[in-house]
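Chain IDs A, B, C, D and E follow the sequence of writing; residue 1 opens each chain.
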Amino acid sequence: MNNARKNELKDNTFKVFALVCTSVGLIVLGLLLYNIISVGLTRINWDFITNLPSRRPGKAGIYTALLGMIWVVTLTLLISFPIGIGAGVYLEEYGKKNRFAKFIEINIANLAGVPSIIYGILGLELFGRLLALGNSILAASLTLSLLVLPVIIVATREAVKAVPNSLREASTGLGATRWQTISRIVLPASFGSILTGMILAVSRAVGETAPLIVVGALVYVPFAPKSPMDQFTVLPIQIFNWTSRPQQGFVVNAAAAIIILLLFVFILNGIAVFLRNRHNRRIKY
Amino acid sequence: MQKIKEKIIEGILFFCSSITVLTTLGIIIILTIETFQFFKDVSIVEFFTGTEWTPLFANKKFGILPLVSGTLLTTLIAILVALPLGLTIAIYLNEYADKRFKAFIKPLLEILAAIPTVVYGFFALTFITPILQTFIPSLGGFNALSAGLVMGVMIIPYVSSMSEDALSAVPNSLREAAYGMGSTRLQTAFKVMLPAASSGVIVSVILAISRAIGETMIVAVAAGQEPKLTFNPLNSVETITTYIVQVSMGDVPQNSIEFRSIFAAGITLFGLTFILNNISFWMKRKFQQKYE
Amino acid sequence: GGGQKTNKTESATGAIKIDGSSTVYPVSEAVAEEFRAIQPNVNVTVGESGTGGGFKKFSRNEIDISDASRPITVEEIEACTKAGINFIEIPVAFDGLAVVVSKQNTFIDHLTVAELKKLWEPAAQGTVKTWDQIRSSFPKEPIKLYGAGTASGTYDYFTEAICGKKGASRGDYTASEDDNVLVQGVSNDKNGLAYFGLAYYEQNIDKLKLIPVDNGNGPIAPSQETVGNGTYQPLSRPEFIYVNAKSAERKEVQDFVKFYIQNAGKLAKEIGYVPLGDAEYKLAEERFTKKVTGTMFANGKSIVGTKMSDLLKLEEGK
Amino acid sequence: MNKLEAKDVNLYYGEKHALKGISMGIKANSVTAFIGPSGCGKSTFLRCFNRMNDLIDNCRVEGEILIDGRDIYKNKINVVDHRKKIGMVFQKPNPFPKSIYENVAYGLRINGITHKKFIDETVERSLRQAALWDEVKDDLKKSALALSGGQQQRLCIARTLAVEPSVILMDEPASALDPISTAKIEELIHELKHKYTIVIVTHNMQQAARISDKTAFFYLGELIEYDETSTMFTNPAKEATQNYVTGRFG
Amino acid sequence: MNKLEAKDVNLYYGEKHALKGISMGIKANSVTAFIGPSGCGKSTFLRCFNRMNDLIDNCRVEGEILIDGRDIYKNKINVVDHRKKIGMVFQKPNPFPKSIYENVAYGLRINGITHKKFIDETVERSLRQAALWDEVKDDLKKSALALSGGQQQRLCIARTLAVEPSVILMDEPASALDPISTAKIEELIHELKHKYTIVIVTHNMQQAARISDKTAFFYLGELIEYDETSTMFTNPAKEATQNYVTGRFG
C-alpha cells in the first residue's frame, strides 16, 4: 500500500470514528429523552399544568412551580440584563486601558467557573439573611442573577467586539460622544447576539437546582406568587422533591415535569439558535 | 454638561462591572468567616491531610481528602469521556462536516449541557448503573464510574463547542497552507490546526474540568454519599458539592461544627476551581495575543 | 363536613410558614392540602430544609412551624431563647424504620438488635466485612450497607437506637438523603442491607425483602400495627411539629394546628406513616390549647423506647 | 496660514514607533494626497488630524498638530466638538446599519437637533452634494446596507457633509470601487475642494496625480518627500520616491 | 501542449456568479500574471488550479480545468495527491506555528518520509532555492513566527519547493513586503521559472510588467484580455484594460 492510500485510509477511519463519537453524545441524549418521555408523556395534560401541588400523584400539578419559575426567571432577567450589558460594555468600550478592568476581567473568568452551589451559599447569607429577604422570589432571583451575570457579560463583550470598528470610527468621526456611539450604533448592532447570550443564560438559570435548594426554595406552595417578596417553588425543585417520594406515581409526575422543563429549555435554546442564525445572515459588514 | 453626563454614564457602567468583584468578595468573606470559626476547633493540618471525613459521626474526623479524592475521581472519569469525544467531535465539525451539518449538530450537542442535572442523576442511577452491572457484576448500586460517565457526557459540549470555536479562530490561511501542501484532512487537523489552537483547546478542557468539579446533583444522586479515600471507580464516593447539599438539606444543628464544616468544604471547592479558572484565563490571554 | 360553610365565612386570612424535616414534610403537606379545602384564604407553605435547617429558621423567627424528625437540641433551644422565641412541641405521628435487603437475598430471615449493632457500630468499620461474621450460618459474602444520609434525623435516630449513641455508626456505607436512591441501591445488590422509612418499603414491596427485628421478644416485622402499638422496637420514632408560641396567638395558626392534630392520624396512615393513638392526639391537642411550651425531652432525655402517651401525661401532670 | 499643520509629530503604538518626526503644512481649499507602501503610516498620520488615534489603547502622540493655528492635542480642547469640524471617510464604506435617511441625519441627531424640516433639508442637500440624491431619493427609508459599494461610499461622504466640516479626511476612499464609482468620487472631490480642505490617502498613483495639488510620500513612518504633485511624479528629489511612483515596489 | 488549461470555467459562491466562462491556456516554464481590480476573481480563479475552492462550502465549479491534459475536476482524481504537484504561496505569509525546520519539513513528513538525512538535505536545498538559507541556517530550530514578513514569505516559498511541485501559484506574494524583500521575491521568481510553471496574482502593474511573460486582465469575474505582457501594457486590445493599466481606476 503506498503512502497516499495509507493516508486516505487513516483519514476515512478517523471520519468513521468521529461519527461514532458524535453519535455517542446524541445516543445518550436520545436514551435520556426516551427514558423520560416513555414514563412521563401520558401524564401531561391540562390538569397537570394547572393543578396545585398535592400529596396524591394523580391530582398533583405543576401550576405553582411553573408560575414560580416564570417569576424567578423574569426577575432574574430584569436584574441581570442591564447589569450584564452595562458591565460588558464597560469592559469592552471603556475599560481597555485601566488595570482595574483587567482585574475585573480575571474576576469574571473566575466567577464563571464557581460552582453554583457556592452561589447558593452566598445567596442564602447575603440576600436571605443579611438583607432579610428570606426565601422570597427576590432573594432567589438575585442569587441567580449573580450566577448568570458572567455568562451575560461574556456574551455582551463578544457581541460588542463583533461590531466592526469602522462603525465606531464613523460615528466618532462625526463628532459623537462615546456614549452616543455606544447607545446609537454599537448596542443596536450587537443586540441580536446579546439577546442570544441572554437566552442561553436564562436557560441555564431555568435548570438550576442546587443553589435554590440552599437558598431555600419551598416545596409545597399551593398558591401563585403575587409579588417578588412571596415564597415560591420552581420546577427543578418540584422534580427533585417528587423523585424522592416513595410512590411510583410521583416518579411519573417527575418525568412529566421534566418533559415540560426540557420543553422550556429547548424552546429557549431554539430561539437563541434562530436569533443567532438570523443575525449572522442579516448583518454582514 | 455633556462631559458630566458622559462621566456619570461611565460611572454607572463601571459600577455594573464592579458588581462582579463584589460578588467574589461576598463569596470569599462569607466562606472565610465561618471557616475561620471552623478552624478554631479543627486543626488546618488535620483538615488538609486527614484521610477520614466523618463530621456527622459520633467520632468526628475532619480530613477533607476523601471528599477531594471523590471529587477528583468523578471529574477524572468525566474528562476521560469528554476529552476524546469532545475533541474528536470538534475536529470533525471543524474539518470534515459541511456547514449545514455543523449548524445542526453543534446546538444539538449543546442541549446536553442544558439539561437540568437532576435529570442526569437519575439517568445514571436507574439506567446506566444497571447496564454497567451486567458487565461488571461487582459494581455497587452507587459508584463513581456511572456518575462520572454521565457527567462526562454532560460536559461533552463544553469541550466540543469551545474547542471548535478555538479551531475556527485559527486563521484560515494556515488551513489553506496545509491543504495547499497536499495534506489530508486528518493531517491538517492534527498537525496544523490542533497545535495552532492548542491553548484554546486547553482552556475549553479546563473549563470542562471546573464544571465537573462543581457539578452537584449528578454525583449527589448516583455516586453514593460515602466519603472514602479511594481511586477505584467501582466504589461509591462522596464529592465536596454533595456534602454541601447533604448538610444544607439535612438535620444538622445550626452553629455546630458540623454545620461550619460545609463552609470549610466550600472554600476548598472554591479554591480548586479558582486555581483552574486562573490557569485557563492565563492560557486564554496568551492565546489571544498570538493571533492578533 | 357540614361545618365547612360556617367556617368559611369566619375563615381567617394570612400566611403560615412551615419548614424543616423532610421526613415530616409529607404529613405537613397533606395537612396543608386538606386545610386549604376549608380555609382557602390561608396560604400555608411547606419547605424541607431538614430538621436542622428548619430549627435554624425557626430560631430566626422566619417560620411559624418547624417540622422535626427528632426533638429539639439544647443548642437549638438556646438559640430560640436568645431570640425570645417560645415553642410548643407537638408529636404528630410515628415513622417506623424498616430494615430491608434485596429480593435476591435468601439467607437473612431476621436480625437481632445485637446483630444490627455488630453490623453498624463504629468498631465494625473495616473489620466486619462478610456476612458470616454476623451470624455463622450466613455465607461468606461481602457486606454492602446502605443507610440514611448522615445529616438526616433518620440517621441520628437509627444510630441512637441501635448503637446506643447518636451518630455512632460505621462510616463505610453508602449514605443518601434520598430514600429512593437507597431503595434503588439495595434492590440491585444481593449482599446489601439498608434501613429507611417504612413508607419506602411499602411502595417497593416487589423489589425488597423486609427483615423482622428481634428486640428480645422474638422477631417482629414493622407494620402499621406493630409500630402503632409499640411492639416494633426500637426502630419506631415519633415525629413532631414545633409551633412558635407567638404565632400560636394568631387565629389562622390556631385553626391550622388544631386541624393538624385532628387529622394527622388519618393522613399519616395514608402516607405510609403510623398514627399515634387517639388518646395521644387528645393529649397533644390539650397541650396546644394550654400553650405548654418547652420540650418533653429536656436534659437530652432519650426518645428511644419511650411511649409517647407516657410523656404527654407526665408533662400534663407537671 | 496653513489650515492644517503638523510639527515634529511622533507617534507610538506601544513600543512601535509608527510616525517619525513628521512636519508638514496643508493649505485651505486644496487636495493633498498621501502615498506610500502598505504599513508606512499614511492612515495613522491622517487620523492624527481628528484625534481618531485616541480610540486606540496604547497609542501615544508627541509633537503639535494645529488646525487653524490651534493645537488640538492641548488639554483644553473638546475632542468631540473638534471632530465635528473634521469629516472623515474610510477605505471600506461603513454605513450604519440604519436607513439611508438615518445615516445622513445621524450627525444632526447626536447634536440634539430634532427639527424635522431642517433635518429633511440637510439630508437632501448632503445627498445632492455627494451626487447620490437622484439614485436614492425614492428609497430614503431603505437600509443603507442594501446599496452597492460605490453608493455606500458616497452615502458616507454625504453623512460627513451633513455636519458641515471644514476639513475632510479620506482614507483610500475609492480603493474598493469600480471605475465608474471611482470616477464619480474623483469628480466629487474636485467639486468639494472649493469649500473644503481635503486630505486623501491613496495607493493608486495615477489617482493621486489626477486629483491632488500636493503629494506626500511616506515610507516606514517617515515623510520622505512632500511637494507639488507634478514635481513628485515627474521629478522627485529622492530616489525612494522615484522607485515607488514608478512601481519598483509596493 | 499547455501545462495548465481552463475551458469555459464558471464558478459560483452560492448565488454569486464569481467566474464567468473563463478559458485560457498556460505554457510550462513561463510566468503568467493575473491583474484586475479588487474582487474581480483573480484569487478565485487561481485557486481553481489546485482545487482549493473545494474547502469553501457553497462553492460550485463548472467547466474543465486540465493539468498536463488531465481534468482535475473529474471524480477519479485524488485531490490530496494533486495538490502536492501544485504549490501555493499566499498574500499574507502564513508559516505554521512551528520551527523553521519543521515548516519546510512538513510536506515531507505528511508523506510519511522519516529519513533524517534526506529531510535535512531537502530543507537545506529548499531554503537555498528560496534565498533564505544564509539568513536562517543557524536558527533552524527557531519559531517561524519570529521571522520578519519578507523572510516568512520566502519560508513559505521554501516550504512549497520542498515537495517539488511542477506548478507554483502565488497570490499577491509581495504586496505586504518592503522594496528589498519585493526585489528578492521577484528575483526568485525569475530563477524558479526555469524549473516551474508560475502563475502570479499582483495588483502592482509594474511588477506584472517586470516579471511576467503573459498577463491576464480580469474584471467582474470575466477574463477581459489575455496576451503577451508587452502587448497588454503598451497596446491592449480592450479599452478597459487600457483604463486599468494606466490607473484610471482600481
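Odds and ends about this structure:
The criterion applied here is as follows: a contact is a pair of C-beta atoms (placed from the backbone, for glycine too) under 8 Å apart; a residue touches a chain by one contact, two chains touch by 3 or more.
Because the structure is predicted, anything quoted here is derived from the model rather than measured.
Looking at A-B and B-C side by side, the one with more C-beta contacts is A-B. Averaging C-alpha coordinates per chain places the centre of subunit B 47 Å away from that of subunit E.
Chain centres here are Cα averages; for subunit A and subunit D they lie 46 Å apart.
Chain centres here are Cα means. That of subunit C falls 82 Å from that of subunit D.
Rounded to a whole number, the gap between the C-alpha centres of subunit D and subunit E is 35 angstrom. Chain contacts: subunit A has residues 7-8, 177, 243 touching two or more partner chains. The residues of subunit C that reach two or more other chains are 22, 48-49, 53, 177-178, 181, listed in rising order. Across the assembly, subunit B contributes 2, 184, 187, 245, 248-249 as residues in contact with two or more other chains. Interchain contacts (touch definition given at top) occur between A-B, A-C, A-D, A-E, B-C, B-E, D-E.
Per the touch definition, subunit D reaches subunit A in the complex via residues 50, 52, 55, 57-58, 80-81, 83-84, 86-88, 90, 92, 94-98, 106-107, 109-111, 145, 156, 159-160, 163.
The touching residues of subunit C, counted against subunit B in their complex, run 21-22, 48-53, 55-56, 59, 69-70, 73, 75-76, 79, 122, 144, 146, 149-153, 155-156, 159, 165-169, 171-178, 181, 184-189, 192. The touching residues of subunit E, counted against subunit D in their complex, run 37-39, 174-179, 182-183, 204-207, 209, 220, 240, 243-244, 246-250.
Looking at the complex, you find that subunit A touches subunit B at residues 7-8, 10-11, 14-15, 17-19, 21-22, 24-26, 28-29, 31-32, 35-36, 82-87, 89-91, 94-95, 101, 103-122, 125-126, 146, 149-150, 153, 177-179, 203-204, 206-210, 213-214, 236, 239-240, 243, 258, 261-262, 265-266, 269, 273, 277.
The residues of subunit C lying in touch with subunit A in their complex are 17, 19, 22, 25-26, 28-30, 32-33, 36, 43-49, 53, 57, 60, 62, 177-181, 197, 199-200, 202-204, 270-272.
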